[in-house]
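In the two assemblies presented below, subunit A is common to both, partnered first by subunit B and then by subunit C.
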Partner chain A sequence: MEMNQPSRFDAIVVGAGPAGATAALKLAEKGYKVLLLERGRGAGSKQVFGGRVYAELLRRVFGDLKDAPIHRWVKREALMLADGDRLVAVAYWTANSTSFTTYLGQLTSWIVERAVNAGAVFVDEVRVDRLLVRDGRVVGIEAGPDRVEADVVIDAEGVNRLLLERLGLVAKPKPAHVALGVKEVIRLSEKAVTERFGLEDGEGLAWVIVGSVTDYLPGGAFVYTNKDSVSVGLVLHLDAAVRGLRAHVHELVERLRLHPLLRRYWGDGDVVEYSAHLTIESPEFIPKSLVHDGLIVVGDAAGLLLSTGLTVRGVDYAVFSGFLAAEAVDCARKEGGFTRDVLSACYEQPLRRSAVYRDIVRRKRASKLMKDERLFRDAVRFAVKAASTIYELGEETPKLAEALEEAERAARLSKLSLALMLIRLVRGL
Partner chain B sequence: MVRVVVGIKWVPNTQAVRFDPKTGTLIREGVPSIVNPHDLDAVELALKLRDRYGGEVIAISMAPPSAIKGLEHVLGMGVDRAILISDRVFAGADTLATSYVLANAIRRLGSFDLIIFGQETIDSSTAHIPAQVASWLDLPYVYYVEDVEELGGGRAVVRRRLEDRIEWYEIELPAVIATAMHSQQPRPVRLSYKLRAKTERRVEVWDNKVLGLDERCVGLRGSPTVVTKVTWMPEVPRKRQVFRGDPREAVKWLIEKLREEGVLPY
Partner chain C sequence: MSRREAGPRRLRLEELLQRNVYDVDHRPHIVVDTSKCSRCDAKPCVRLCPAGCYTVVDGRLVFSYEGCLECGTCRVVCPLGAVKWDYPLSGRGVYYRFS
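Right, the complex of A and B next:
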């Protein structure tokens, strides 16, 4: 009955998210014998994301995206500063889209299906308990009583890095480095989504909302339009939430869904999905080393996510790192083995030289800025008060300077602190 | 040594299925199918018996080819052999035509001690199949079984739990039993088993060339059941009444309301 050595693989990929699935696909295409393992039922069943994927890196890895499960191409963006039942919106409209909305489960299934067709072995509903280490090098994985060995393991376990923690390669995440994302998917008809948001067929939008929607805590709410549904949720920086959150997070999401200015878009829809997940909020989440003997770390596990406050990218970075990992396996085989030094030269260094990685680490300042609680409270109050003074007119029509002064008083901000905040904002973003 | 056959149904995940309020039918499009959850109780009981007495567990399912995934799941749990009965002529079958095919497929397996089914399926809940298979094969049948306590010498003692009592039956083997839902804790899949199921393509597929059944007795043609009408249960709007204040008062208020509604008889 017992089977100790079911089969041996060239590579084992732990986690069928966008990073792991891409690595498995590219390895299978190169002819490697690859095993892709997933804890959930089916590909992507444990994933949560906001709702949008940037296309450029995906095109580079997958070619044209004609048969990809794309819901809508994002052509309208907005940043909204919300203070109670008033909000200021800064909108950007374009005919040229660089990102699309989708369900991540669908996108991941699409990649996994390609990987399986290319020859990868995909096994779901199996939890990997630990990485198998022999003489200091990773030689495979353990799942329950079973062990499977391979030349190299690609760790695509996501933001909850239990395997890496167990090996002592990373510490438990610090609250300052992560955020909590909570999301509801609200089903409407395709027509309703298109018409209510002023879109054309196939067009989508992305909104970021800060201020009272998060109780003025660092983080923000988001809205993405899918084909026949809307993803509505928020992200709260964990350390600030622990300190300052008064309501339960799900109450904040409910409040957002029922927001007097926003519920007209989706209030009659059915909530068909509720999900929550940790997400990365700081480049300090990146492990000191992205490779070890016999091990490559990709995707969220490698900290490859960039949240600028206005945009969030993670899925395309995950795909990119999975692609690089597959290239690295090829490279390491030619360079004589899967030692840490070779993998560093073949994976870690190219990754660290990439624009993706540089963009993430140079946002250290932005990630500090995103923790500035005054920005999310005072600046929002200032902007909304100024706008309401300008637009809500009675007998008098105040001058702009008067409106700003009144807003300064309302937000209890001095001109100096306002100026400083503006400078930090521009430098940070 | 025991030889146990387990019946598996590949069903749409009814938690994810929605109804079309106009036609009253299931919208199955895009809904992933799963192994009927109650069948996993049957698989677990079969595996326990095999672990205790040695022998073989054979899973059998009549379904479209996509059910290979479901059979791979039970192979992953440790089932020894999995057979998918799949042929276009079997499509559209009611429970009679389905049980006829299953019974004939089981006959082909040679001698066995037990056939175990789950209590019912989540997509139709008829619980017909085990009883009908027992009828076709002329075997004793006990349902709501929690456990098989003894097995050997051509007999078994099975325990079943009803609402107000527990019953023990001594039955002659071979026999058919159906497990009570939630009576077992199905084991998780094992990587090595599932890997073997995937890499060695272990699910056997039997079509009607293998079974050679009269086409008048299978599929839509062999199904006398006619669904004459489906009525839609009207949605009862919630009253959304909230009581705020002292919990003791709240209890009184709640009881009063439940009486008014006729939920409480007195």
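Right, the complex of A and C next:
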């Protein structure tokens, strides 16, 4: 760690992910002396996400995204219910895209570069071990033998909140609050991605697949098309996986890559990376307080991720919270200091009033629903059985009602429980 | 003689990990108190660590940190608190390029 920088900063940001890098950029733009610390080698080297970013909040924070590392604009979505070698797909096609695919490491490198150009000091290969506390307030950070102080520390350490845990501000997450995401990035030519998925140049797609791809466990598989690769992976809710996972998790990912109905898209491609990351599955992951004396918590560390079952968004929320944190530093300086009360008024209250935060919290019911193991087994079996009865015809052509009845029997679902599940699903989502 | 159709082949975990770039530190960033593991029947770490860092050899849990993907799953699922978990120092560990 090079410490021949000024030993005192206005702000220290821990973690150069999308939240931390945005906070550093916006603080540097406002003229603050800001130190951005990253444990990885270079920006972005420890970053993993599913595969897509919603653009609206990024435009608001960064302006137009002309020079951003965008791979493809997602214009085709699908939800697939898979039961072995049959699946039901519900597709959505549009000419109007609100999200893009990229590699998260590329996106954060892009933000960090802008932060450095704006005057932020970026130091990588530094693992922060502790937040420095004096008289009950956070006054800086400790990394190995080094100590650096600042008026305010922005904690963007991500989903594994070792620093907040060591301070006693949050508890270790419960398995029910997080999910494991594992993915393979499969290299294809740009042309192959475009043609095989029925896309045009620059167009991308996002698939969510539930059912047998996770052994019917809560969670799901995902597919995102990048410029010249495909990200294929799955998410497993840890509480259900601890109880119900029979195979090793990598076997599930490999089974997905080699799925008889799906491997035609990418089976001949080279697996160039195998990555994993925890993702947030419950609003209960959000800390009781998002600020303390001298401290602001942003991004995954603040629990700002929303997984609805059909969509996942976290990167834009991280950027948004980093932006709000920088605004809050400005606000707190004018309001007379970085006390918990002032930071609460300048950061926590505006965040909690935002649509982002309210959307996360009001999905509490959906996040419980997503843990309903019947949803992932019985409902998928029902839909696939109904479809196969309707489409796989011999001599007889069953009526729709007969197909549904047969599917109810096959999935061992009563009409009532099916109706209740549907109602809960619609309400929850 | 029947020959299997040529096509994509299932990759073993070691092969998947070999696709990654690592700069492995000689200092382990995770320490497991394996004396606790004999009391644990479920051993969720064995199936859930995506890098297969936890294996059972002759009935005993064996931990190796070298292939770690730094996700934090073992820390969350270990029911006995046997995992002392941290990130690697000095930029070591896994180096993601396409994730």
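We take it that the second predicted complex is superposed on the first by the 423 of 429 C-alpha atoms of A that agree within 3 Å, B and C clash if a C-alpha of one lies under 4 Å from a C-alpha of the other, contacts with A are read in each partner's own complex, and residues count from 1 in each chain.
Assume a contact is a pair of C-beta atoms (placed from the backbone, for glycine too) under 8 Å apart; a residue touches a chain by one contact, two chains touch by 3 or more.
As the structure is a prediction and not an experimental result, all values here were calculated from the model.
J.: Is A:V123 in contact with subunit B, with subunit C, with both, or with neither (first, second, both, neither)?
T.: In the superposition, A:V123 contacts subunit B only.
J.: Which of the two partners, first being subunit B and second being subunit C, lies in contact with A:L35: first, second, both, or neither?
T.: first
J.: Which of the two partners, first being subunit B and second being subunit C, lies in contact with A:A19: first, second, both, or neither?
T.: neither
J.: Should A:L162 be classified as contacting the first partner (subunit B), the second (subunit C), both, or neither?
T.: second
J.: Regarding the shared-chain residue A:A43, is it in contact with subunit B (first), subunit C (second), both, or neither?
T.: Touch partners of A:A43: none, neither subunit B nor subunit C.
J.: Subunit B or subunit C: which reaches more residues on subunit A?
T.: C
J.: Using the superposition on chain A as set up above, list the residues of subunit A that contact both subunit B and subunit C.
T.: Comparing the two interfaces on subunit A, one with subunit B and one with subunit C, the shared residues are 41-42, 125, 127, 144.
J.: Which stretch or stretches of subunit C touch subunit A in the complex?
T.: Residue list for subunit C touching subunit A: 7-8, 10-11, 13, 16-17, 19-20, 23, 42, 44, 46-52, 69-73, 75-77, 85-91, 93-99.
J.: Please name which positions on subunit A make contact with subunit C in the complex.
T.: 39-42, 44-49, 103-105, 124-125, 127, 144, 159-160, 162, 172-175, 178, 180, 182-185, 226, 229, 231, 236, 238, 241-242, 245-250, 254, 257-258, 263, 267-268, 271-278
J.: Mind pulling up the subunit A residues that touch subunit B in the complex?
T.: 1, 3, 6-7, 35, 37, 41-42, 121-123, 125-127, 143-146, 148
J.: Could you please specify the touching residues of subunit B with respect to subunit A in the complex?
T.: Interface residues on the subunit B side: 32, 34, 73, 76, 78, 188-196, 198-199.
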